[in-house]
Amino acid sequence: MTVLATPDKTGSGFPLGFDTILDPSPLQYLDEHGALSGVLRDDAPELAPDRLLATWRAMVVGRRFDVQATTMVRQGRLAVYPSSYGQEACEIGAMLALRPTDWFFPTYRDCVSMVTRGIDPVEALTLLRGDWHCGYDPQRWRTAPQCTPLATQAPHAAGLAHAARLAGDDTVALAFCGDGGTSEGDFHEALNFAAVYQAPAIFFVQNNQYAISVPLAKQTHAAALAHKAVGYGMAGVRVDGNDVIAVQHVVGEAAARARAGGGPTLIEAVTYRMQAHTNADDASRYRNDSEVEYWKPRDPLARLEAYLKACGLLTDAVVAEADQAAEALADDLRTRLGEEPEVDHRDLFRHVYARPTPQLLEQAAGLQAELDAAELDAEAGR
Amino acid sequence: MTATLDAAGRAAQNTEISLAQAVNRALRDAMTADEKVVVFGEDVGVLGGVFRVTDGLTRDFGEQRCFDTPLAEAGIMGTAIGMAMYGYRPVVEMQFDAFSYPAFEQIASHLAKMRNRTRGALPLPVVVRVPYGGGIGGVEHHSDSSEGYFVATPGLHVVTPATVSDAYTMLRAAIESDDPVIFMEPKRLYWSKDVLSTTGPEIGRAAIRRQGTDATLIAYGPTVSTALETAEAARAEGYDLEVVDLRSIVPFDDETVCASVRKTGRAVVIHEAAGFGGTGAEIAARVSERCFHWLEAPVRRVTGFDIPYPPPKLERHHLPSVDRILDAVASLQWEDR
Amino acid sequence: MTVLATPDKTGSGFPLGFDTILDPSPLQYLDEHGALSGVLRDDAPELAPDRLLATWRAMVVGRRFDVQATTMVRQGRLAVYPSSYGQEACEIGAMLALRPTDWFFPTYRDCVSMVTRGIDPVEALTLLRGDWHCGYDPQRWRTAPQCTPLATQAPHAAGLAHAARLAGDDTVALAFCGDGGTSEGDFHEALNFAAVYQAPAIFFVQNNQYAISVPLAKQTHAAALAHKAVGYGMAGVRVDGNDVIAVQHVVGEAAARARAGGGPTLIEAVTYRMQAHTNADDASRYRNDSEVEYWKPRDPLARLEAYLKACGLLTDAVVAEADQAAEALADDLRTRLGEEPEVDHRDLFRHVYARPTPQLLEQAAGLQAELDAAELDAEAGR
Amino acid sequence: MTATLDAAGRAAQNTEISLAQAVNRALRDAMTADEKVVVFGEDVGVLGGVFRVTDGLTRDFGEQRCFDTPLAEAGIMGTAIGMAMYGYRPVVEMQFDAFSYPAFEQIASHLAKMRNRTRGALPLPVVVRVPYGGGIGGVEHHSDSSEGYFVATPGLHVVTPATVSDAYTMLRAAIESDDPVIFMEPKRLYWSKDVLSTTGPEIGRAAIRRQGTDATLIAYGPTVSTALETAEAARAEGYDLEVVDLRSIVPFDDETVCASVRKTGRAVVIHEAAGFGGTGAEIAARVSERCFHWLEAPVRRVTGFDIPYPPPKLERHHLPSVDRILDAVASLQWEDR
């Protein structure tokens, strides 16, 4: 079967190949209890034991990262941390379905994706630590700097995908976006551009039900965010965002279609933001614990674990190795985030332009003189 | 400005409140005074805003008077314009300065121009609250000083309080204005506290915050307190500095500013935004022109560098500091003394 | 029957009352030959003889206005004129389906609507004449100033509609927009706001197939612009924009639903821009005459005329009266646009703020002094 | 700048071409020289742009190199950023000045900052062509001068040619730049003609367009020719005026400007944009500061009024005119002569 089914309503007049699912119930393969549901072919790559174990391991490590970052923001080691606890199936499933040559465009919430991609966890936290705006080399990791102005990364992904296609490469660009971000004009313009150019782009909306305090019902009147695909004539799919098998599957299909010239896809992954918006937020002001309780048993990691256990894949050795890797990462974070990094004030002026303007040279010299004088004062004990 | 405090307000007049609370009280009192006043934006409802400035408004005035919007700033601004066309007086919040940029076209092409386009038939009594400036350790895009963009857009009033009392009285006046007002709130001062007084000057006038004879520091919003600190520190170095708090950038109070500079003969302009093409350029240019024969030294500017706002770990180097202002004062050619 | 039919695909999971037509073929009641097609109830208000004749008369007058304006721009009497020749069914049908208490938001192309509403034709041309930005009183005519920055009027309509609803009035707000305008972020944000607030707004897209030189196929990959309604969970309909009966019908239904609290509607009216974008444009650079020829027999006025003739409604007296009214309007335009209007330079400063700033007073005085001096010079023969 | 003309270009070097044609030729030559250069925007394809600036590019280079976009400026700018991240050098057109406003967030929050955010790893070699200014009888929103918004945004280069030759050489240099360049094209001058020469100064430098001894007129883009006319007219009144064409606003050529003003001792700054908070404020402020001891009179500004751009019938009152500039020159305190 094909997951992105042509709507069963034939004669609706959609152009051929149009395969947005109008049924708003999300696609799911692994149910809340960790049992396979739906109709996924046995040879689907997502079901290969190696892949399943790699996925599970990435989720164990990703979650440990998130928990550690949350701890460290409480200790004042990060300026702010927006947790993706509970969204790991999205964060990790999407990443594992891409190739290293594909680009992706994370938001502030997507550190776990970045770590999954291979970026040094400390570099992944540079922005949130307050050291610099981006800590890793975007070209090396084919990962754009984390984006804060909502949905503004979506047109970048459309443009990069279009460029890749013009260049004859089979690169795909995936942009993450929140449910709130879908309301921005840039989201609309990006999807439209990508559709018109049939660019190999994937717009992956993590619908975690909230934009800070604003619930989805105040964000849209549509039955599903995936329905927006209809208006762009692009493929759209709604997937259970806590089912890492389904997420990998739809991203994989979307990427394959994009590479084959089939154009962009809008994916809405239905998930839940288990923590407050960031450590600075107080979620009790706008939502009930009971809502959070409802989502706890729907945990993406527990679900996968249950399945793997049932399959007998989770051997003690496998579990021990993953736990060890996770703890090593946490230890490393603790140590390295504990150090006070050197942030060079000269960086202020270095990268504004390829060649600093005369004005900037003046200003840099002024600051240097100020700091030198202060140092002299300090030395003189003043 | 004829803002009156309600009973609760009067009772509270002797206790200190924060600047954020002063804004909240101004919103409350304006909503009570005029049922056409509505407040909306991202997270301003149940949450009460990310800075708690709209705390309790939905609870006390209902969802029809204070409501959350979808996450789209052009939509917020455009909706406000449409509501104002129908007789409402919207007060909208841009959650952080840089997040007003998506609304820029609505602001520049409609909000600023509608009265003019329609020869006065469609005034737009809209207040746009923009928390601005740095110094709170915010990650990128959370510390911009965007006032210059609005200042350069005819048709907008641009004002910014630096005190708890001004936050209250100026916001009341802004809401009562029949023209759009960009109300820049120095977010660094949200937690500063003072007793509320409603006897301040009119909204368009500057205030002399400190009298002095040697030089004039011209500041607004978040840099007013830095200027005052500098004036204190300068006493030790033998300078008696006057501090002008502009309060309103558009309209500009040439009278007060020029009187001060003509008296002292020297001026330093201070703001957080990048210097090049910033609001300080206008101030320095007009002071230089209008006080030409009174100036003993060139007007100096102490501003943010001409760089994107830096990350938290570096912002202390970027922001105008007491030391940097003192250096500028010292450079004002005192050879004649 | 109801025109905005619930999709016949039941079980698609749409919320109740969701009635976007997914079939992209436009709704039509009056075919190209002026024969009634489709299933419109005999007592539909659009079919009442009086209404039919009033509609026809408005179209005769509207077209005459447009032709006259086109002539006068060639004579240099207007700065620019964007013709709506061939789009009269939209321009006029939409207007006639509204009440005078409803607001509407025209673009630069919608002078014919404004004239239909009752605005003085010369005042309707103030913007394009270059005298001022808006010539009429928007409050009196419940007509926003014509909008040039594309799609920016759409959120105003959403806001005004929301305001009317809050005020407890049954006012509806209709915003015109072009096919090109649907690509702008503001279009998206407006529809989303209106849907979330269930505001009594109508977004009426005149899909005239071009945005200056850019054809619809480069504007969207969707089968229909009306499909965008799906993504907002709002009603959407695609209508033959050259069929004035169908246009009135769908606008009437949308307005009725809006008044009843049923929320906004997106209407896509399929029509054609018969003239160049404006007089300054050269359409031969980007489209073939044959395309224009294809649309000629689909003319909205001829079609209605054929129908009325077949019904025996177009008596000589009726025709004579309409012709006379149209010629009177043309004469009046010729005369009054021929006059050089007084444009007061003091208006430059009068309406920037309720009270001019000290800075503006200075500048106004400066200009006055300049002009006075120039006058003195002129008098002195210098 | 090492721009070279192709053979056809060289042959044409002795014939006059319009400024629009010079821009067209620069695009062509850049596209020929580097296949990563792509041109896109609204109507730039088959139509060749509403000003015919991109005429024939799609025909000659194909749809992949010059293409129409959907009608959405943030989309255009965002797409350009994404393409630049992948190694392309996009040159995009904003159809008219005011229609860059929807792209403002992309410009301010990304285009200007990407190099900085990524410590140089993601430079954005994007050129944004913005036809700007008035004087062509355009209806509202078609005559804005928006340079000030960009000038106040660190990370952008902002340049504007005033001659046919600069239009060519500066655009070639802008496309070769590894940084984003806002290329402001004075639309009023699109039809002005001259013989093309490629021996002008570097892109960041100002040019002395006329030598003079009494006062310096500082202009850019559309007001350079007005300044030159004024200088001619001023001869009759006994003033020998120097005219500086800034060419580049960011970076700013302090050296050339200050040398001129120090020589003449007087300066008038001229632009079409509203005066308050406009680019002229920066120029006047820095000239006043840096040339303080050389100035015989305050620096004057002749600019558009602080109003929304007026309708065609009134624009002549708004735009800096020879008479108004002469008046400003006359006011430069010549008592000492």
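Going in written order, the chains are labelled A, B, C and D, and every chain counts its residues from 1.
Operating definition for what follows: contacts are C-beta pairs under 8 Å (C-beta built on N, C-alpha and C of every residue); 3 or more make two chains touch, one makes a residue touch a chain.
The structure presented is a predicted model; accordingly, all values stated were derived computationally and were not measured.
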item: Between the pairs C-D and B-C, the one where more C-beta pairs touch; value: B-C
item: Chain at maximum distance from chain B, centres defined as averaged CA atoms; value: C
item: Mean-CA-position distance for chain D and chain B (Å); value: 32
item: Mean-CA-position distance for chain D and chain C (Å); value: 36
item: Mean-CA-position distance for chain C and chain B (Å); value: 40
item: Distance between the centres, which are taken as Cα means, of chain C and chain A, whole angstrom; value: 43
item: Chain C residues counted as touching two or more neighbouring chains; value: 132-133, 149, 183-186, 188-189, 192, 196, 218-220, 347, 352, 357, 359
item: Junction residues of chain B, two or more chains touched; value: 69-70, 72, 74-75, 98, 101-102, 105, 109, 113, 116-117, 140-141, 154-155, 250, 252, 276, 305-308
item: Interfacial residue positions of chain B with respect to chain D in the complex; value: 74, 98, 101-102, 104-105, 108-109, 112-113, 116-117, 140-141, 148-149, 151-152, 154-155, 250, 252, 273-274, 276-282, 284-286, 288-290, 292, 295, 297-301, 305-308
item: Complex contact set, residues of chain D against chain A; value: 38, 64, 69-70, 72, 74-75, 77-88, 102, 105-106, 109-110, 113-123, 154-155, 157, 177-179, 204, 250-252, 254-255
item: Of all residues in chain B, those that touch chain A in their complex; value: 42-43, 45-48, 50, 68-75, 98-99, 101-102, 137-142, 276, 305-308, 310-314, 317-318, 323-324, 327
item: Contact set on chain A toward chain C in their complex; value: 7, 9, 12-15, 18, 22-25, 183-189, 192, 195-196, 198, 218-223, 227-234, 263
item: Footprint of chain D on chain A - complex, ascending; value: 103, 132-134, 137-139, 144-145, 149, 152, 154-164, 166-167, 171, 173, 185-186, 188-190, 192-193, 196, 347, 350-354, 357-359
